[in-house]
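We call the chains A, B, C, D, E and F, going by the order they appear; numbering starts again at 1 in every chain.
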Amino acid sequence: MAKRVVVINPNCTAIVTEAISESVDVYRGQDARIDCVTLEAGPPAVSSYFDRSNVAAPLREVIERETGADAFVIACFGDPSVLAMREVARVPVLGMAESSFYIAMSVADMFGIISTTENATRRHHRQVRELGIQSRFAGDTSIGMTILDLRNDEEATFERLMDAATRLRQAGAGAFITGCAGMAVFRERLERELGLPVIEPAQAGVTLALGIAAMSTRR
Amino acid sequence: MAKRVVVINPNCTAIVTEAISESVDVYRGQDARIDCVTLEAGPPAVSSYFDRSNVAAPLREVIERETGADAFVIACFGDPSVLAMREVARVPVLGMAESSFYIAMSVADMFGIISTTENATRRHHRQVRELGIQSRFAGDTSIGMTILDLRNDEEATFERLMDAATRLRQAGAGAFITGCAGMAVFRERLERELGLPVIEPAQAGVTLALGIAAMSTRR
Amino acid sequence: MAKRVVVINPNCTAIVTEAISESVDVYRGQDARIDCVTLEAGPPAVSSYFDRSNVAAPLREVIERETGADAFVIACFGDPSVLAMREVARVPVLGMAESSFYIAMSVADMFGIISTTENATRRHHRQVRELGIQSRFAGDTSIGMTILDLRNDEEATFERLMDAATRLRQAGAGAFITGCAGMAVFRERLERELGLPVIEPAQAGVTLALGIAAMSTRR
Amino acid sequence: MAKRVVVINPNCTAIVTEAISESVDVYRGQDARIDCVTLEAGPPAVSSYFDRSNVAAPLREVIERETGADAFVIACFGDPSVLAMREVARVPVLGMAESSFYIAMSVADMFGIISTTENATRRHHRQVRELGIQSRFAGDTSIGMTILDLRNDEEATFERLMDAATRLRQAGAGAFITGCAGMAVFRERLERELGLPVIEPAQAGVTLALGIAAMSTRR
Amino acid sequence: MAKRVVVINPNCTAIVTEAISESVDVYRGQDARIDCVTLEAGPPAVSSYFDRSNVAAPLREVIERETGADAFVIACFGDPSVLAMREVARVPVLGMAESSFYIAMSVADMFGIISTTENATRRHHRQVRELGIQSRFAGDTSIGMTILDLRNDEEATFERLMDAATRLRQAGAGAFITGCAGMAVFRERLERELGLPVIEPAQAGVTLALGIAAMSTRR
Amino acid sequence: MAKRVVVINPNCTAIVTEAISESVDVYRGQDARIDCVTLEAGPPAVSSYFDRSNVAAPLREVIERETGADAFVIACFGDPSVLAMREVARVPVLGMAESSFYIAMSVADMFGIISTTENATRRHHRQVRELGIQSRFAGDTSIGMTILDLRNDEEATFERLMDAATRLRQAGAGAFITGCAGMAVFRERLERELGLPVIEPAQAGVTLALGIAAMSTRR
């Protein structure tokens, strides 16, 4: 029987949900149904620790309503309220950043994160330490652009992404994680140019969710 | 297009290959073809570091022959020659122990390994350290039985498995890994009784292989 | 000029706030004003990850209202929403568990935590890892009693506390943390009997808050 | 009753003792008496591991003489003989570097140290490792000036301090420690300019000493 | 040309020096001269942190006097003042505990320490952390006897040593370190009985000293 | 009785064996016989993980044939099949990279590796993590030359070696390891110029092998 994964974009920006849905389309099939939903009660973007905490209540509502889900993915790189949602849900709940780390670790000894702005770096260090995987972490490099600027001049953006990846590779990275949903469209080209795996976190979260749902006896 | 994963049992014992094939059946489907092969040139069991090294040459032959594979899983808990095979293969190569660690880490803060005999414990400590995930590792507990004894008295075996899991849970484990192919048949019952995830490594390897193959542009 | 610390009990149980206030009385003085407030909108107890996230919004209200505070202490051993409140507050915000760890580390090489029930143990492991201080952590031992039972038979409780401390000392602990507000009344006797420091987290949070407020130029 | 902290400058340079006394003045009050003493038998500066060992005997004399102290602070960034003095003293003994690390960790995820010369860097790495807090350590940056040069051209010194802090911030530091008593006079200006906490180690040692003395039943 | 190693017993108990000299006799030869000296000005035993610091001055005198030495070994398990003596000496200075750790790590994945009394355990934890080798450390087990009691009933002592080693082996140790000079006489028998390496620290220090002296261009 | 160490160069390039033999000549003497052998069945160079695994079988043959050896050194910086050979040999087996790390750690707080090309860096990171000594590792810097180019222009090579060492020293290294047999001829000059120890791995392996053979009762 097909497994159904519900991907929750914890911000209220529907265009991000659409980008996520497009990215994870590769996993849809006869055995896998993937529904991407927008958290209407969420903020426009989940960019602070306060936002990460504050989406717990509306996320719980979605999870309690989606009784037909076999697994959930919280699709925001901050993995907001994932531990809280694991208490609430009767099925597995995956965070997309955490998932991308493990997928990267499955294919390379060390991974690096490409971020939009420097503000994210400090938080990523703490996330990686909380998960106890610092020795697999080659670093976090930002390209100095917000999500809104990524599509302005795609060649310029691509060049910055390559620069960031090159610096991370010199620091030991053998796989790269695009730390922003807006970078998903550049993933394939980056991977081909670098000749090394580039992981898109929403894909990472969904494939783990499908795989874990299939092996689980919970529900 | 369906992805095809080739699972290589690196020992020459066909009955183990069959057990693996049965365990991963849950992942077969219209989008996923999974072929399990026995390494004819391998030893009856891969239980020493020498065996782990020595299977490199015959494993390479299989990998070079299987040009239609989208990913490989080396299906032995020692993850023998996985780094070497990644150099050889043009597609992702997953080790099943490493995969089981990451799947366990995706659903719980700390994991424990249930082993057959005490001999395995020292090696598991080194494996976990090599992967840099010691702080997620609650320990390794053996049940004092070889793979051959597991089916003699299934109730007695199950009791020992529960004892081992209970000790690991007290040490902080929130997920459990069955460190021997022969334990696969007890997985579901263990999971239900414990109320916590029990991971079967071949399943972990296969689901990661399928997921990574689908996101990869390599080949 | 006297510094004013506002201690927020993030649950709505006023009797806990009173116990905290009594415990930190030792720091009140001409130079130090300490106000303990109850989070009316909080749950009766903050015992889950969901509760920890969910108190962010009401905590922010208190912090935004208490414009005269020189520092805040979130007085719950889970350190709920501390990172979020640091974004919100213009003055230092201390978590009481984190504070107790650092105070213990200031007087001993390794510390141990005495908990009420086993449920807390897993969470404490993650807290300690997130803070990157695992190698100073001798362990967490529970006494198998809830906060409600602690005063039923004080001699029996004290005996269990001593048992837990003794096991932690054998594991290397040179200082002990009482992981529950209800244990504060036993602190002095435990310290005298053990001949080693026993840290009460609310005291730890308040003294750090006063000290940091005094050195800070913020506001 | 007021607590009395004795701060021992383990070198024989009285002007350093005066600078320390001035820095910790913020903690003096009706409840807190702070006496700063110079170790007459100490070397002009404690800059080698030999000096750190060699001050043990004269430090013990001071500690045994100061029977009215409620806590001691060894006011040298090398934390010389702190472990030895804890054996000797009947009250808490704090090292000022160690104290500054914990105070920094109480307000930021990662901290950096600003040193005078490169010679100190190697020793700080070992100190941080000995304390097991490497994952909170963003690094150590020297300004290439000795303590004697700091006041020659204060604007030039301040510029170098800002440069060092900026590099540490890029490496993830959210709080900064002035690794030399002579930098204390620049602390406030640095903190205002950076908008992030700058910790002066003598202040850190004294506030922990006062706080721990107040909670302790020892004596 | 033969290398000359000077082994300094930092306590004033000549009988310990003799035991050390006998133990390292295996390394004496045409190419290796080993002189063992007693620190007359040292305490009867170096058992506290204060003693470790306080021997720095007399140790320096010996080192400055022994101008013909190619390397020094400080022969006390606390590795007292080793860092300080490295500043003073123009040739390599080895600590015997540190040396025994590295020799053990050269032959086994994890090592354990057998101590006399429980007092040593805490200090060993800190030593191991300071050296950054915790993940190779299986633990420290004491036999509950002082150095003076070891020869009273040798069979009883041997039994306790075997018990301690057995517990350490269960914790993962593949090599064992005798943490007291008085245990040297039991080394060979222990090693044969266990079938695993048992390291005597004075031997470890001397062989590293000889080897490093031979490769060094210093002097 | 003299100890005999057999050093196995696991590649089939005899000129490398000769360089190794010359380097370890300093340890030959009346008490120490050192035989260096070339693995005829090995590859021209052991540069991949596949090669590391694949030399296990021919290495075992050498070890089983050399029944008169008191210890073996596998003389390749990748430490190929060392764990496997420990299972096979009845005497100690040392890896030369691992040995060089411990020798470096015996004389300095942190060490750095000077490599030929960047390809080695990633593998060294994993080697260091597997051994659990990351916090002693200051980094790995390559000079961008293959082993074949080192002797072309010796002054230019020396300059690059000094550059690499200087960068590693700035990162905290107090000892340096020449990560390629071809660098052995530059060791002494580097050490004199730097004023800090430079370790040649074959020497490190041989001295540990001799020392451990002398203390061992195995055989």
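The definition used in the following text is that a contact is a pair of C-beta atoms (placed from the backbone, for glycine too) under 8 Å apart; a residue touches a chain by one contact, two chains touch by 3 or more.
This structure is a prediction, so every number in the text was calculated from the model and none was measured.
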What chains, if any, are shared contacts of subunit A and subunit D?
C, F
Neighbour overlap between subunit D and subunit E returns C, F
Have a look at where subunit B meets subunit C and say same if over half of the interface residue numbers show up on both copies, different if under half do.
different
Geometric centre distance via CA averages, subunit E-subunit A, whole Å
51
For subunit B paired with subunit F, centre-to-centre distance based on mean C-alpha positions, whole Å
34
Chain centres from averaged Cα atoms put subunit A and subunit B apart, in whole Å, by 26
Send over the residues of subunit C in touch with two or more other chains.
126, 129, 132, 134-135
Which category does the touching pattern between chains fall into here: line, ring, star, complete, or other?
other
Give every touching pair of chains, nothing left out.
A-B, A-C, A-D, A-F, B-C, B-E, B-F, C-D, C-E, D-E, D-F, E-F
Give every residue of subunit C touching subunit B within the complex, in rising order.
118, 121-122, 125-126, 129, 134
Touch list for subunit B against partner subunit C, complex
109-110, 135, 170, 172, 174
Subunit E to subunit D touching residues, read off their complex:
48-50, 52-54, 56-57, 60, 81, 83-88, 126, 129-130, 132
Residues on subunit A engaged by subunit B in the complex (per definition of touch):
26-27, 29-32, 92, 94, 98-99, 102-103, 105-107, 131-136, 188, 191-192, 197, 199-200, 203-204, 207-208, 210-212, 214-218
